[in-house]
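Mind having a look at this structure? Questions to follow.
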Amino acid sequence: MGAFGKRGKARVIPGFGLSMGITVSMVSLIVIVPMLSILVILSGMSLADIWKAATERKVLAAYWVSLSASFIAAVVNSVFGVILAWCLVRYKFPGRRLLDGFIELPFALPTAVAGIALTTLCLPDGWIGRLFTGFGISISYTRIGITVALIFIGIPFVVRSVQPVLEKLGPECEEAAQMLGASKTRTFFKVIFPEIMPAALTGFGLAFARGLGEYGSVIFIAGNIPYKTQIVPLLIMSKLEQFNYGDAAAIALVMILFSFFILFAINLAQSKISKAEKG
Amino acid sequence: MVDKIVKCFLIVIACAFALLMLGLPLAAVATYALREGYGVFIAAITDPYALSALRLTLLTTVISVSVNTVFGLFAAWALTRFSFKGRSLLTTVMDIPFAVSPVIAGLVFILVFGRIGWAAPVLSFLNLKIVFALPGIVLATIFVTFPFVSRELIPVLNARGVAEEEAAALMGASGWKIFFRITLPHIKWALMYGVILCSARALGEFGAVSVVSGHLRGKTNTLPLHVEVLFGEFHLTAAFAVSSILMLIAILTLILKTVVEVKGKKEGASAIVELKGKNEGANAIVELNGIKEGSSV
Amino acid sequence: MSDHVRLEGINKTFGGFKASDGVSFSIKEGDLAGLLGPSGSGKTTILRMIAGLERPDSGDIYIADKRVNDIPAGKRGIGFVFQNYALFRYMTVGDNIAFGLEIQKKSKAFIKERVERLTKITGLDGLLSRFPEELSGGQKQRVAFARAIAPEPRLLLLDEPFAAIDAKVRKELRTWLRNTISELGITCVFVTHDQEEAVEVADNIIVTNRGKVEQSGPPSAVYQNPATPFAAEFIGQSEVITEYERLRGFPKISGFQSAVIRPEFIEIRKVGREERPNASQSGVAENIYFRGDRLEIDLLIAGMRVTAKYSMDAESLSPGETVSVVVNRLLLLGEKTVTAQENSLLNDANPIYI
Amino acid sequence: MKKQSKPARIIIAALAAAIMLSSISGCGQTSASAGQSPKAPVEITNVSYDPTRELYEAYNKVFQAYWKAEADQDVTIVQSHGGSGKQARSVLEGNEADVVTLALEYDIAELEKGGLIEPGWVNEFEKNSAPYTSTIVFLVRKDNPKNIEDWDDIVVPGIEVITPDPKTSGGARWNFLAAWAFALKLYSGDEAQTTQFLKDLYTNVSVLDSGARGSTTTFVENGKGDVLLAWENEAFLSLKEHPGEFEIVTPSVSILAQPSVAIVDEVAKKRGTEEIAKAYLQHLYSDEAQKLAGENYYRPSNTAILQEFSSTFDLSLELVEIDKDFGGWEAATAKFFADDAIFDQIYEQ
């Protein structure tokens, strides 16, 4: 890319006008114009109203529920995602292909289906819930339930970010560390971990962002109790159903800013990766 | 010895996690779908409302995936073959649907095309109906799956560089010729992969579609929405039966995806062999394979 | 000096591919040994087994008379330089070099001093805080080398150390590596597929083919007296001819179906300038190439096309010119043996069997 | 150049076709029902709330037969169900309903404010445009293991209550107001104590679904909670679907819930379906439909027919009324359910 990035260089390859035209008009039609409508709605409100709507105590609590559940889910997914990616790349075992193929299941399975399946599983007498009822822990309709649903949703992100990096890594660096006498643990944390860290971060960010916005699979399992188990997307829906478009738009704006922040962080991590790959 | 224990331990953890989080939900859907016997199952999936929901879902998927595929190709071409001001901004904007909650995605279309939206006067003048009808559902689905195809294509096109296209252009090939003869063969697997992912997501979208659908039975209920309807109608078994259809589609998609991935990887690998062969003699691969096999023992 | 590394009857297979087939050889302490062979000949596998990165299926590996088969790689006290250097991308040059020392839990002061000394030796001054991707190929090579010798191993292994470096720097690095290693006085084994490199750098070379050791010894000995048909064909600018009896002075010897001829075996003179007319026969100089210090000639002799050299100082030849040729020597190839055969018309010396 | 443009045309045509296809099918929806001829089949859309699914499934058949006989015209009725507030919102935003049959007068009033329904709709049909009524009862598990008899039994710690979110569910607002009415009577009009009572009640709520049907599913299918505050008809339906698993408990005080119906004038005018929409709602008051309401556990507004179902319904239950006891929906909403009103306050820690 950089090779022809200098300004003023002649464009040899045709199709600039057509492809740019289509891209820009589609992006405008599908993304920019609809997103701007949030600002249109907000422009009819005073800043104080927007601020009040976005920082109401109930809303703050919902941010907290969404952020904490997504964060925990993303952390869990990072740990297991790295382990999964590691096993898929480094080990041969029966069922590896199958496992590899099913990593994207949360992507392909409609979220509503995932929602009712997980809710059923996590009920006190469900297959998973039963195991925890004995300890007095209930999963469905609690924050644990929300986190479980978000873990499900986020599985593919870390695995699929880390996997190609591990595949590309090759055994040499590990062997080099091994020759210098490093233990397996030390090799992992000092040599392999720094390599996969940016990719894992990317996956973490994607899972985090996805979790923040997730609706379909969570509504079935979330208890929707204000201050406890009410997530932001549900709150937005609730505001809409009260015909309160302004508040909904204000909360939506905050969510979009959160997501942008995460996206920005991901892009930073990615540029770090590609910088390292150039070497 | 310790290595073996660590290996087994990790595999057990990985498989247990996958089984718990991926396997169990599937098993639950299948079990519940069939718990009242095949009769109920068949009745649920051949219900006229279920069939019309399936039709709507498929139609929506076909339209939105085609639009996104065409768009994805043009966008990837524009973003990787040319350098221009604001390219990274455009990339970021294209990624917005990825980071925006489906609920917000639905909301914004309501805010534009709904009765209270600013485009409403135009639409009512044209007697066009967007939200709470097929176009709205399609638009919401396109939004949610917007970056899927282009995101798969861009890295591949970036990695290939522009040398081949430039060479072809210098020989006087037209844009379409370059695309179909030079570029497409390189990206066909990535393209298929993107299309499959896009379809999977389009088939299953719930949140955004739920906001713009209106839930008109037999008209604007997609299959995932129909699941919710059945769930709310005390027809738990039927809900799971319809879910199992969606699940089957999902599994088929995954199988297709795996096939595409394996085929794509094979072609990629043979390209690497060629490259290696040129550099160091074809036998280097044998050593390379030896190393890999050796280290995985 | 005693053997530092000794391999006895090593076998190793990968799937169906036999990478090592009864490999035995030894390397003396302080030696610089080159494992030479075509790609896929199993030389890298041997190196990796010495290092402990692969386990032999059978056979024993001794380092300093101690059997090391069951000692893990990191505990064998070996330095290893990887073909693509395998530098840790997320560590600076300094951290890369210090890595092995940190594992040995050396004191900070010791590490600092040692790293500084190594950077002097390797000419990496001023690059300590750089990351690997900011270095040139030659610099990376030096970092990899410094990292490998930092923990003061007694044995250093290098896998194709110069393969990824461009030709000009390669020459320079070779000389530097050779001098540095002899200064350090450590035993060193390197793998290469480039015979010029092996001959130039190594004290001893070990020629491998199809998982077997064909011959080992000092480069000059291997060059002049190859022990096996493979060694004869592989080393030098060798060409195999089948009907060697058509060359004057080389009667057919039973059991030797073909022969290896090298450019330096052939003497070309202008017609009428022969020194030994009785051993001469005529040939045609079909093409003439300029090679800088000499001319290389495609020579057609007795219906066979071979390569010969011609001095730049001699009277000039033109393409297509008929010349007078004397073949001094051939390496006759038997089933498993090689014999150097002098031209019988030049003197009465008997063939020497090796 | 000519050669180049061919694939371009194909792609652009494909794009255009996709867009056209989607817009045409959008138009189709409106134009299909615009036919004025009495013989041409007509389609009307009834946007309703959660618990009426079964009722309207049955009633639509009755009405189709009636309309065929009356006007010799085939009619298709498209149903939509969901939380009452959510449904009202979708209509307000352009979900084209000819009639709405929602849980709350308030939700329909929102449509009136939005200009979709003409003022005065409350009196367009008999009995405040509420052809059937209902009330709020308790659904408990078999044999009533927690001995729940009245509202004060469900505020004690340790009872798990399931009720929908009053912010989004019409039924939930009736629940809230019924509890309020009980406590207000208990504390002889002391609002502070009444608020505390409601606070205790909602502390016991473990799942706050967005719609009444969601709560029923949570309680009935998912086995969550000790008591469900439910529409009377929803409670009966659960008994019917799962015989022997649940019991209905009638509290001492409850509320007369009047789900309202209305013609969405703007849509009906545009589509020319005013006449049939009016007939559709009017026919709800016919004896046939009133009986159907009773069979589906709604209390018929026709008192004679209500008496026929006296074995089903506890007709002695004291019922407060929204207009009489709470000053109408406008006032009740402002006092209890608006942002920062009493419902929000009881969730503030």
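For reference, chains read A, B, C and D in written order, and residue numbers begin at 1 within each chain.
The definition used in the following text is that a residue touches a chain if its C-beta (ideal position, glycine included) is under 8 Å from a C-beta of that chain, and two chains touch if they have at least 3 such contacts.
No experiment lies behind these values; they were computed from the predicted model shown.
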For which pair of chains is the number of C-beta contacts greatest? A-B
Distance-maximising chain from chain B - centres being C-alpha averages: C
Just curious, how far off is chain D from chain C if you go by their C-alpha centres, in Å? 88
Distance from chain C to chain A - Cα centre to Cα centre, in angstrom: 54
Chain B to chain D, mean C-alpha position gap in Å, rounds to 37
Using the touch definition from the top, which residues of chain C touch two or more other chains? 53
Chain A residues touching 2+ other chains are 18, 120, 175, 237, 240
Where chain B touches two or more other chains at once, the residues are 70, 116-117, 174-175, 231, 291, 295
Residues of chain B defined as touching chain A within the complex: 2-3, 6-7, 10-11, 13-15, 17-18, 20-29, 32, 70-71, 74-75, 77-84, 90, 92-105, 107-109, 111-112, 116-118, 139, 142-143, 146, 158, 161-162, 165-166, 169-170, 174-175, 178-179, 197, 200-201, 203-207, 210-211, 223-225, 227-228, 231, 239-240, 243, 246-247, 249-251, 253-255, 257-258, 291-292, 295-296
State the interface residues of chain D toward chain B in the complex, per the touch definition above. 3-4, 6-8, 11, 14-15, 18, 21-23, 25-27, 29-31, 45, 47, 50, 53, 78-82, 90, 92-96, 114, 211, 213-214, 216-217, 220-221, 237-238, 241
Considering the complex alone, what residue numbers of chain A touch chain D? 18, 56-58, 119-120, 123-125, 140-141, 219, 223-227, 230, 234, 237-238, 240-244, 247
Would you pull the chain B residues touching chain D in the complex into a rising list? 63, 66-67, 70, 110, 113-117, 120, 127-135, 138, 174-176, 180, 214-219, 229, 231-234, 236
Residue set of chain D touching chain A in the complex reads 8, 83, 85-86, 88-89, 92, 110, 165, 167-168, 205-210, 218, 222-224, 339, 344, 347-349
